[in-house]
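Next come two complexes, and both contain subunit A; in the first it sits with subunit B, in the second with subunit C.
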Partner chain A sequence: MTTTTAPPQAARRSVKKPEGAHNTQRSQGRGRALIPAHVLAWVYAALLAIPIYYIIVSAFKPNLAIFSEPFALPTSLSFENFATAWSRASLGTALANSLLITGVSAVLTLALAVPAAYGLARAKGRLGTAVERLFSLGFLIPGFAALVPTVLLAIAIGLFQTRLFVILFMPATALPLSVILLTQFMRTVPSELEESATLDGANRWAVLRHIYLPIATPGIATVTILNLLNFWNEYLFTLILGGPNPSVRTVQVALPTLVSQTSTDYGVLAAGTLITLVPVYLAYILLSRQMEDALLQGAVKS
Partner chain B sequence: MTTPTIVDGPEAGHAQKQRRVGRSRRQRTDDAIVGIFSAPAVAWYIVFTIGPMIAIFVISLLFWTGFLATPTWAGLANYDRVLHDPVFWTAVRNTAVQVLIALPVMLPLAFMLGYYVALKPRFHRVLRVILFTPALLSLSAMGTVFYAIFQPTGMVNSALESLGLGSLAKPWLANPDTALYTVIFVGIWSGIGFTAILFSARMSAVSADVYEAAELDGCGHWRRMWSIAFPVIKDYFGVLTMLQFLWTVFASAGMVLLLTNGGPGNSSTTLSFLVYEKAFVQSQVGYSQAVGVILFAVGVIGLLAIRRAFRQNY
Partner chain C sequence: MQKTRRMIGAALVTGLVVPLAACGGDDSGSADETLTVQSLWTKGTAEGDALSKVIDQFTEETGTQVEWLDTGESLSDVFETSVAGGSQADIVLSNFAEKTVDWVKNGAVVPIDSYMDDWGLTDSVRPAAVDEWKDSDGNQVGIPFSGFSWPVWYNTDLLAQAGVDEIPTTTDELIAAAGKLRDAGIEPMVIGGNDWSGQKLFLQIAQAYADPQTARETFTNGGFCDQPDIVKGIELFTQLRDGGVFIDDAEGYTADAMNTEYYTGSAAIMSAGSWAFGAEDLTPELAEVTTLSGFPNPSGGAYSKPTAYQGYTGTGVMLSTNGEKKSDIAGQFISMLYSSDTVADFVATANLVPAATTAEDAEVTNPLLQQAVSDLDSRVDYAVMPDTAVPGAVADPMIRVTSLAYAKGNDAASMCSAIDDAYASVG
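Then we have the complex of A and B:
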């Protein structure tokens, strides 16, 4: 699991490779030998796109039209399904809860991971290695398996089914990756830079703020994008630890409740799903390159 | 890693400034800095991750009927019960079927698709965006969408009917013969795209000369893909196999919960769903964690086996 610890820069470079570098492969890409590959690739792309298309058109159609002509475009632009989904699953409250939990957890994760990464980046002793190894171990631990003990912990400290517990818990799931990635970035700071700053009378926190943070900014951006996406999309933990109460649940927990309430009202299900996807896709449109890089790095590291 | 009493930031800075002469001193200062700066993160991690992980093993040795009941010592009785429970063996079978279908289908297809994308064919940018979509979808959105799609009156059956294949229509999620395979299908559907992007990123990092040499030798794409690209990135293939293995084995609980709830009967109950169901539906906490320990062992053994199988050997 920890075998591929290429520096983050390497991963990024490979994604952003300039066009020219692949001229030869480009020309091959147009050959006739590839026709079956073209067909298969686009068949799979269609398989991915069809359910999404179905959901988008269904969200604007009354149920009868969904049954009779599932793939036809909606005849009118009605937002009735959206309104129904919004009120049935109290999606407004749920969106607010999701934003709160995602945002605070992400900030908390950084507050914990950035100092830790700084400490580890300039460590040469045995303690540093031990701590780093402890965090790498986290990649092996299946988060899901620890759900039951985590519930017991929440009950023990009297925070079961509260937003606070979810906020406190989320950073722990993100720490291994965040710490390891940030440490790799901070290792690129030359130690002379820090020494001269220390001689000038800067204390540790000033060094961290003015020297390490600027250099680690790309890493912080990557880690934050990844954490925001994972926290926003988290389902099973928020379902159990946050609980089904409409006042504390997140959108991911609220959305499936539409299934039991409406059963076959697909228009409402589709509209509800789209509402939960809007923030993620807005972010993707604005930050597509950064999000792709972040996900690639995140996957390889874990 | 021990828990040093943590003082607030600025004070910590002063504290270490006083001593910084001599090498061994320096070493100690170094450890102090690591300790002070990483202690909060380590403490967090121990409380919320390492602690619960250890607790799984302890709880699996207790009789515990419900979260509010008082547990009593059970020894290995839970394991005994688990191993004599036909539901557990159904879950083992289902998990095995899931892994043995999902991995062999997903990884070779993703690898080939990744090779294709790395060639930068026409419209590869559009293709990349489409392949990326499942990575952004949350489990619950995916579950809700596929619930609607596989309902008796959902998209799949409507499509079959309009193609004149109405006889093939069935209640996919409520039929014991298809429920598990529907869950597996959704896993494959969402897994191939992102895995392919990962493969293509890795393959574009491989020097183009390697392929050129192969082309001069008259190798077609099929040969180039499996005799050159594959050996070169074999270890990476292993890493992604391990990733998918972990996702399939550990993370299937959420999808099963959303789509079929383990049913009908136990026909789509997987091991990780069994952990969830026993603890939160049937209030058999000890039993659930015994399955959790077994699942953990399965995970570790699986990972080691995969790593062995894909060891780089050139």
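Then we have the complex of A and C:
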């Protein structure tokens, strides 16, 4: 018995042993293969982290320390540079203007893009295709090419260097991408759902609100994040169309007033930059969580 | 949950839509009852603080509100765009260089000479300074307010440490001094090779053998390679560069980095203007051991003494077409700006070199400004200031060329050719 049972056990062991060794070897091989990916990931992380670290430590230093020991930790954590940046560039008013322009523009963009995307997603005929392509053409217009005609338009309608024009202009620049992205999201909604709702008496708005919007929430969150970042960081158009008036200008226009050709206080400039980064960073953190939740919801629903 | 959503919705309407309705008003403003002043000077700087005092005083005395647009470095772009919309500021305080030079020609501002008479300012400003604010057609673009002195700074302590007892006055002495400084572990001359400061020093050396008229004509029209004296000057630049006069990797330095190298005692020599006399990072001890002089001359050069720059194109007052419509009130503001008390305050607090003659006895408290005002004229000759000659459109491409000039390996022929290409590229 022992002689008859032993060989299979031994055989099993002898079979298992090479398998285990093979798995270990395979995982070791896979681990080694992943080393370049790890290295690249850390290098990429460093590339992102180093400038942020540099701005943060510079915000607490005087000019001499910034130039002589750029990456050294600050010797004090005084918030004097932040207070100076706040008062010199009137950042309080500028932040309020940026929040207003960015917020209203983002809401306006969604208010226009969502119905447009719904219509395009459900359109079957050639007209729908043509309109969708028309939106795509918006990508082909370079920003600089639009600058002069836009200035002339603002002057012609009497809204030059006002916040209102900037608020109206921002959605116009964002609509092509927003509509195209949302249209793709809405095309994933099964038409049976809409037919079923329609049979139950739901009108177009009810269908949009109760069926399309919840399913397209990931797309809406994505579009909102993209637009908020673009609107907040916009410089050239807000400088030209909004103008230099401290009561109107945004943070991106106010911040460069801290720069001087002959003597720039880089500590104050770094502090001002950090102040302007905080709101957009917070918005990103909040919306990115919503976007992840929405993505999960979308996955369950689909 | 529903209630929360409604509250959020109400907050959105109140916070976003209601302010939107308020945005339609004219918030760009050059309203009739206010005077709009746009300046390169920004709040929180010494010049900005001095201007702020003038604005407060003016409002207090006249009851006229002043809207101050402290646009800083974006001034010319913003002002020109505002002109297109008819919403330009009434008074502009800017330098006379690049775009501003053409502002009377293109209608952005009005010739101001007749207003100088009306406001009684003709005798209040140095005639030589007034001449610097004329364009090529003879239009008086603005009234000069402040000028600058642009000497070479020598840290005599560091020179002495390296065994250099006298400030070099010839380029041979400078090369010898640079060698001694390097031997002592001290960088010789620091310069912002990467920006305008490097360009100015390059052109200062390039005109070392050329008479002022030749230099001015060449700076205005180009043709560097066609002027033997200019080519000789550029060859001198390469000798100085290869002789180790400039800090290592000078082509990567900016003016701010240059200041830091000098302020920290890492470099013994720099070329910087009077705007740096009051820098926060300049310690009284360093100011005390700093001697202002000029850039050394080569033998056979066009000047008998080391050269420096000076000028009155630093800041001036321009009147826009909007400002012309309220020239009375604009004149009151500008007259207050040129009053002896105001000018004296600018000299004392912002270390400005005044173009006005209204404050000749203004107390100069800054030791370097004092040195520049009282001693510099006897030590230097003044070279042709490039800003009044080099066309604005050429300035940026020329800076790209001069930044490369500080890197070893570029010879005089390739440099003058590249500069001429810069002139050709803008027509």
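Basically, the second predicted complex is superposed on the first by the 218 of 302 C-alpha atoms of A that agree within 3 Å, B and C clash if a C-alpha of one lies under 4 Å from a C-alpha of the other, contacts with A are read in each partner's own complex, and residues count from 1 in each chain.
Operating definition for what follows: a residue touches a chain if its C-beta (ideal position, glycine included) is under 8 Å from a C-beta of that chain, and two chains touch if they have at least 3 such contacts.
Since we're looking at a predicted model, the values are computed, not measured.
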Q: Check whether A:252 is in contact with subunit B, with subunit C, with both or with neither, and answer first, second, both or neither.
A: first
Q.
Under the stated touch criterion, which partner chain does A:149 make contact with: subunit B (first), subunit C (second), both, or neither?
A. first
Q) Between subunit B (first) and subunit C (second), which does A:67 come into contact with in this model arrangement: first, second, both, or neither? A) both
**Q.** Larger contact residue set on subunit A - subunit B or subunit C
**A.** B
Q.
Contacts for A:34 in the overlay, against subunit B (first) and subunit C (second): which applies, first, second, both or neither?
A. first
Q: Give one of first, second, both or neither to describe whether A:289 is in contact with subunit B, with subunit C, with both, or with none.
A: neither
Q: Examine A:229 and indicate which partner it touches, taking first as subunit B and second as subunit C; both and neither are also allowed.
A: first
(Q) Quick one: is A:135 in contact with subunit B, with subunit C, with both, or with neither? Answer first, second, both or neither. (A) first
(Q) In the overlaid three-chain picture, which partner chain does A:266 touch, first (subunit B) or second (subunit C), both, or neither? (A) both
Q. Should A:210 be classified as contacting the first partner (subunit B), the second (subunit C), both, or neither?
A. neither
Q: Show which residues of subunit A both subunit B and subunit C reach, each in its own complex.
A: 67, 151-152, 155, 240, 253, 256, 258-259, 264, 266
**Q.** subunit B - residues contacting subunit A, complex
**A.** 1, 9-10, 12-14, 16-17, 27, 30-31, 33-38, 40-42, 44-45, 47-53, 55-56, 59, 67-68, 109, 112-113, 116-122, 124, 127-141, 143-149, 151, 153-155, 158-159, 162, 189, 192-194, 197-198, 201-202, 204-205, 208, 211-212, 215, 220-221, 235-236, 239, 242-243, 246, 250-251, 253-254, 257-258, 272, 275-276, 279-280, 285, 288-289, 292, 295-296, 299-300, 303
**Q.** Complex contacts: residues of subunit C adjacent to subunit A
**A.** 12, 15-17, 19-20, 23-29, 38, 42-45, 67-74, 77-78, 81-82, 84-87, 196, 255-257, 259-261, 263-264, 266, 273, 275-276, 279-281
(Q) Could you list, by residue number, the parts of subunit A that touch subunit B in their complex? (A) 1, 3-4, 10-11, 13-15, 17, 19, 21-22, 24-26, 28-30, 33-34, 37-38, 40-42, 44-45, 47-52, 54-55, 58, 67, 70-71, 112-113, 115-116, 118-120, 122-128, 130-131, 134-135, 138, 140-153, 155, 168-169, 171-173, 175-176, 179, 203-205, 229, 232-236, 240, 252-253, 255-256, 258-259, 264, 266, 269-270, 272-273, 276-277, 280-281, 284, 288, 291-292, 295-296, 299-300, 302
Q) Hey, which residues of subunit A end up touching subunit C in the complex? A) 62-64, 67-68, 84, 87-90, 100, 103-104, 107, 151-152, 154-155, 159-164, 167, 239-240, 243-248, 253, 256-266
